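Dropping a structure here in structure tokens format, bear with me for questions.
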Amino acid sequence: METIHSIRPLLAILASLFAIPLIVGFSRRPAMREFWTFAAAGSKFLIIVSMLPLVLTGRRVTCTIFEIIPGVPLQLTVDTLGLLFALVSSSLWILTSIYSVGYMRGLGEHSQTRYFCFFAVALSATIGVAFSANLLTLYIFYEILSLATYPLVTHHQDEEARSSGRRYLAYILGSSIGLFLPAMLISYHLAGTLTFSASGFLGASISRKVLMILLIMFVFGAAKAAVMPLHAWLPAAMVAPTPVSALLHAVAVVKVGVFVIIRIITGVFGVNLLKSLSLTTPVIVLACITILCGSLIALSQDNLKRLLAYSTISQLSYIVLGVSLLSQRGLTGAFIHIPMHAFGKITLFFCAGAIFVATGKKNISEMKGLGRQMPITMAAFFIASLSIIGLPPCGGFLSKWNLVLGSIEAHRPLVLVVLLVSSLLNAGYFMPVVYKAFFFKTESAVAGVKEAPLCCLIPLCLTAIFSIIFLFYPQPFYELISHALKCIIGAGV
Amino acid sequence: MTGNYPALLVTVPLLAAFVIYGCSWLHKRSCLFMALLGLTIPFAISVALLKKVLINGHISYHLGGWDPPWGIAYELDPINAIVLVAVTTVALVNLIATSKEIETRFSDRRGAFYALYLLFVVGLLGIVATGDLFNLYVLLEIASITGYSLIAMGDPARAPLSSLNYVFMGTIGACFYLLGVGYIYIMTGSLNMADVHALLPPLYHSSAIVVAFIFCLVGVMIKMGFFPLHSWLPNAYTYVPSPAASLIAPLMTKVMAYVMIRLMISVFSPKFVFSSIAASNAVVWLACLAIVMGALMALAQRDVRRMLTYIIVSEIGYIVGGAWIGNATAMSGAVLHIINDVLMTFCVFLSLGAIARSTKGYQIENFSGLFKKIPVTMATFVVSGLSIIGIPPTCGFFSKWYLILGAIEGGHYGFIVVLLLSSLINIILFFRIFEEAFFVYPKTNAVHTEGEASIAIAETPFVTLIPLVLTAILLIFTGIYSGSLIALIIKPVVSAGLL
Amino acid sequence: MKRLALLIVILSGGLLLYATKDFPSWGDPNSPASTHVSPRYLEKSLEETAVPNVVTAVLADYRGYDTMFETTVIFCAGVACFMLLRKFEPEERDLYYRHIPTGLTLHIKGEKQIPSTSKEFEKIDAIWTPYDFIINTVSRFLVPFIQLFALYVIAHGHHSPGGGFQGGVILGASIIVLAVAFNLRTAVRRFGEKIDGIMSALGVFIYAGVGAFCAILGAEFLNYRALAKILPVGKVMARSHGILAVEIGVGIAVMAVMICIYNNVASEGKFDEGL
Amino acid sequence: MDFLLTHLVAKYNFWLYIILMMIGLYAMIAKNNLIKKLVGMNIFQTAIILFYVSIGSKRGGTIPIVEHIAGGGEHAINPTRYVNPLPHVLMLTAIVVSVSTFGVALALAIKIYQRYKTLEEDELLTRIRES
């Protein structure tokens, strides 16, 4: 594969960091401050898009910054998988920025400068994770992301926010330092390198037991993927302002966790090694448990954002499950679930936020009859929940379909059952919300409420529309994914 | 003149100290300027020496023109050259940053303060550079006596007693070291490190040499505050005046840790230390205990400065453990951690000193709302805290990386667990301060209100702030360049004596 | 605590005693300590430094660098005592004076004071012990002799036991005798605090300065041979002169520091009557 | 008996100094009064000085001042006639160090006494706790 050296990946990361001094500098002038956020988001997206043709023609963009540890440079490489993830995150950042302006101003939130700053840092780190060429670079960006999101989670600064922040840190940093770091060091000790390669860098000479322990350590170490039992930080993190929950806790942060697991399985161990030793069975079991438990807990939630959080936990494990099936369809399903779930879930969060801005309500039981007051919002909510459940005409259908096929391909009928049951459960917790909104009588508390500000409304409409479009034009994604699969599976099978 | 750099490095601040004290009786205001000059020159010299050592290799400087076993020699290799740079950097930057406080707080005895400050630096530089066992003792005493008196100038209620306890422990440590040197001298008849190194191998099985090693080691360990012998450290470093805190706390213990490594490698040999004495496992376990106990005791403190002193105890455990695992990777990690720990302890104490301007005390409760008040100072505090925790890309992460890697190679899994555990405890330690400083406003528990109005920004003056920010940036740079630090400077020296 | 102390003492003492079994026996002329490094000092010092007292030669030349720091340690102690104890602001404003002709004590409250140039009044502490005539006279008589002896000890260090440290201590003692026999104020009047401070720095500065001067002249630090370039003597004699210069520096420093430590410790930094 | 002869009698000097050292060390750790601790410290240091000086002794050796003819006549010097000068030089340094440490420690003790009016360690601790 041809490799191009370019600083574009680095620029993509730095684009949002450059904006920080400007954001701080204009902290007294909100319009300018937000302009710089948009500028950063736009330029970041454009830089990433500009790499698309290169990658699609089968080349790989690399940027080595310098050697940080002997044999392990701080290095960025753009491959199709990373690019897919980066595209999703950076495009959604633009929409989230628009939404943030509406949301933060609508509620008159405090410390907005800090909010925009750390948002920009978090995005830089996310892109950094997507483009990391080796485990150490990935780990560095992963930790930066953990720290950058902490002030966002604790944004409200009250006792609840602080204790959630503590829990968030305890889970995320605890797992990454306690499990991920030693696993990485042991890998380095065994292999002498940390650079991802299509066939994995952990050779078959290592005993199965060690590999198994390492895999488990990595999977739990990436606690951002919220595989049970390390999931409790995600519902806690819902105290953050809604745009944070939307972008970070539905797209960037949690997807980073999942992305790390994908990288571990495809780049560190290699699909073939795992397949030949059938090491992923425990991961599959964990993912299945998480899918079911997450959905079951979501059923009992009344707080809308917490419901979405548990839904996210269960949906993330779809991706983990798809990857650990190690079959072509399963991987396709997992990869395509990244954008599908991202667009679906961010819409749902935008809706939850819009409802909060307009009514101040957080609980589902208080939203009866809201569909008449906020028809656009609730319609978007309906579309997005269809997507998450996996029903046409929404993009989510594609990923579910591929996952189901993958489970058959991998000869794991139980997984098939889990997927189907979970879809039913998904419907079970989303449909009542929609039903209550449209078919119940409007409660006096929400009577006379109008739609949220335009800044909130436009992004959520756009993401909902995209969710539908993706079902009919999945080609760009498929093309990227087939490139990625060629690397991952084609290398060996 | 460049040939005399090794001597001038130590004697320029020495001469400056004398001139300052003499001048302080005549013209007080010129003291600060001379002190700055007296530290800038050695800083430049140390950098030049590092460059020279990297190009030409090992430098041996014979003082008075006498050849080593008879005269005293300075031996410079890349490792101690870099430690020298670290010492001069910290001393110079700290003096610039805290000069304002020194001038006001010790206005009637500033000459004495600067003189002792410089002499402390002289002592440390000499300890690092010297190639003579007895010369090391004398310089150690210079550093100690100046250290005692600087510490005693702190909180008048507690500092003198803490300092006197330090005198007792420190004297026991120095005397033990001296006894050990005496035993070596009886058996070999030499005091020069390289000469002793050459004479020792036939004597490795002599009990006198083993006892000599034990006593030298225990002496040095008392001075560096290694766990069961650390009792003097928390009090001494808690009540020290803040301009001296950010000088003594980062340097003294770390330089002594370097002395330990030096004793292990260039006086005795790794073969003796790791084969003849089968104690390396025991020492590593002791280091584990040091790390855990340090971290746990830090957890029990509400006073931030006292908490940091226990973190120092724990960090010393890292270095000792790394050094005693006995392979090149872990030893490199230990040496790297000496440098990193100098920088991060310096940064954290310096920022704490700057923070103390805006708070009533060092209790965690006093930190509430500080981020609004002194954002940049707090940011540097955060960076140093993250470095102590070991978050990449700050430097603390990389020394932990090598330490853990070395522990994996050496099969010391307990040490790995302990390192990770202490990182986790450090997260708790620092984030409860960060939380207080960032997200709690004093008195009113404001939710959804603009906090900016209630707290005015009262940032630290630039003369302190700029050095502080530079140090924080340096923490990140040292982290990023730690790969070259290891490859160019540490590994070649360390692996010469180790596997 | 006592048991712990006993345990530590027995443990370390036992170790130390156990290790003595490998020592050469006492006074063995063939022990490594007597055969490895030291013979060269004895054989060559006269030839190389022109100093018959080998201890002086080793102290100030072969291991002169150690001795420079040794002097620095003393200096540190002096500065430390000054810094720790010296009080510039008196705690109580009350002043006491003794009218010398009549022996009456005058107690002044408030800000007023008698000029220190007054011949009739002498400043005293609240409690005043009368001087002893015999002690006063004898000590005053002795001081010059003590000082003369001190100078001899410094100057003759090349040829007999003695040198800067010993001479300096004796020199310091001559002033301290005054402080003990009369009172501290008398001693300080003779040898002021300012002069003392400057001299303590000057003494060590002479030592380190000679070393640095050698470096400036192009040799190693403290290599007195380089002094032959400016002194009208040979290289060996230059070493001998270098040693003398250094010893003088040591003597000044030690004297000044001893006085400084005594003054500060005896008066708790108040510089009043003293003990 | 042999053991006694070879180890105790021939090296009784070391035994004495080590016992002296340990007395000092014990006082430093166990005594309650700070001044007594200081005295212990001095005993400890002095014992080490004695220990070093005894290293330098040589049977039949005299003080290391070389006999020479005035005018610097050259003749071979027999090193076995003089004791080893090096430990003496080292101990001159050690004496100075111990004096300096003692001076600083006394100054500290004075400072402590000025504030708390006691030098007993337990009383000091209770007074610190009270304040």
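Letters A, B, C and D mark the chains in the order given here, with residues in each chain numbered from 1 onward.
The rule we apply is simple: contacts are C-beta pairs under 8 Å (C-beta built on N, C-alpha and C of every residue); 3 or more make two chains touch, one makes a residue touch a chain.
Being a predicted model, the structure only gives us computed values, none of them experimental.
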Exercise. Which chains are shared contacts of subunit A and subunit C?
Worked result: B
Problem set entry | Pair joined by more contacting C-beta pairs (C-D or A-B) | C-D
Problem set entry | Centroid-based (C-alpha) most distant chain relative to subunit C | A
Problem set entry | Interchain centroid distance [CA atoms averaged], subunit C/subunit D, Å | 19
For this session: Report, in whole Å, the distance between the mean C-alpha point of subunit A and the mean C-alpha point of subunit B.
Result: 43
Problem set entry | Interchain centroid distance [CA atoms averaged], subunit B/subunit D, Å | 29
For this session: List the centre-to-centre spacing of subunit A and subunit D in whole Å, with centres computed as mean CA coordinates.
Result: 70
For this session: Could you check subunit A for residues that touch two or more other chains and list them?
Result: none
Seminar exercise, completed: subunit D residues touching 2+ other chains are 21, 25, 55, 86-87, 90, 93, 97, 100-101, 104, 107-108, 111
Exercise. Which parts of subunit C, given as residue numbers and ranges, touch two or more other chains?
Worked result: 12, 16, 20-21, 23, 31, 33-34, 37-38, 41, 63, 66, 70, 73, 76-77, 80, 84
Exercise. Looking at which chains touch which, would you call it a line, ring, star, complete or other?
Worked result: other
For this session: Using the contact rule from the top, write out all pairs of chains that touch.
Result: A-B, B-C, B-D, C-D
Problem set entry | Complex interface listing, subunit B residues touching subunit A | 386, 390-393, 398, 401, 404-405, 408-409, 416, 420, 423-424, 427, 431, 435, 438-441, 445-452, 480, 482-484, 486-487
Seminar exercise, completed: Touching subunit D in the complex, subunit C uses residues 1-2, 4-6, 8-10, 12-13, 16-17, 20-21, 23, 25-29, 31, 33-34, 37-39, 41-43, 45-47, 50, 52-55, 58-59, 63, 66-67, 70-71, 73-74, 76-78, 80-81, 84-85, 159-161, 165, 261, 264-265, 268
Problem set entry | Interface residues, subunit D side, partner subunit C - complex | 6-7, 10-15, 18-19, 21-22, 25-26, 29-30, 54-61, 63-68, 72, 74, 76-77, 79-80, 82, 84-90, 92-93, 96-97, 99-101, 103-104, 106-108, 110-111, 114
Problem set entry | Residues of subunit B defined as touching subunit C within the complex | 1, 3-4, 7-8, 11, 14-15, 18-19, 21-22, 24-26, 61-66, 69-72, 108-109, 112-113, 115-116, 119, 122, 126, 132, 134-135, 138-139, 141-142, 145-146, 148-149, 152-153, 160, 176, 179, 183, 185-191, 199, 206-212, 214-215
For this session: Using the touch definition up top, name the residues of subunit B that touch subunit D in the complex.
Result: 134, 137-138, 141, 144-145, 148-149, 152, 156-158, 160-161, 163-164, 167-168, 171-172, 174-175, 178-179, 182, 185-186, 191
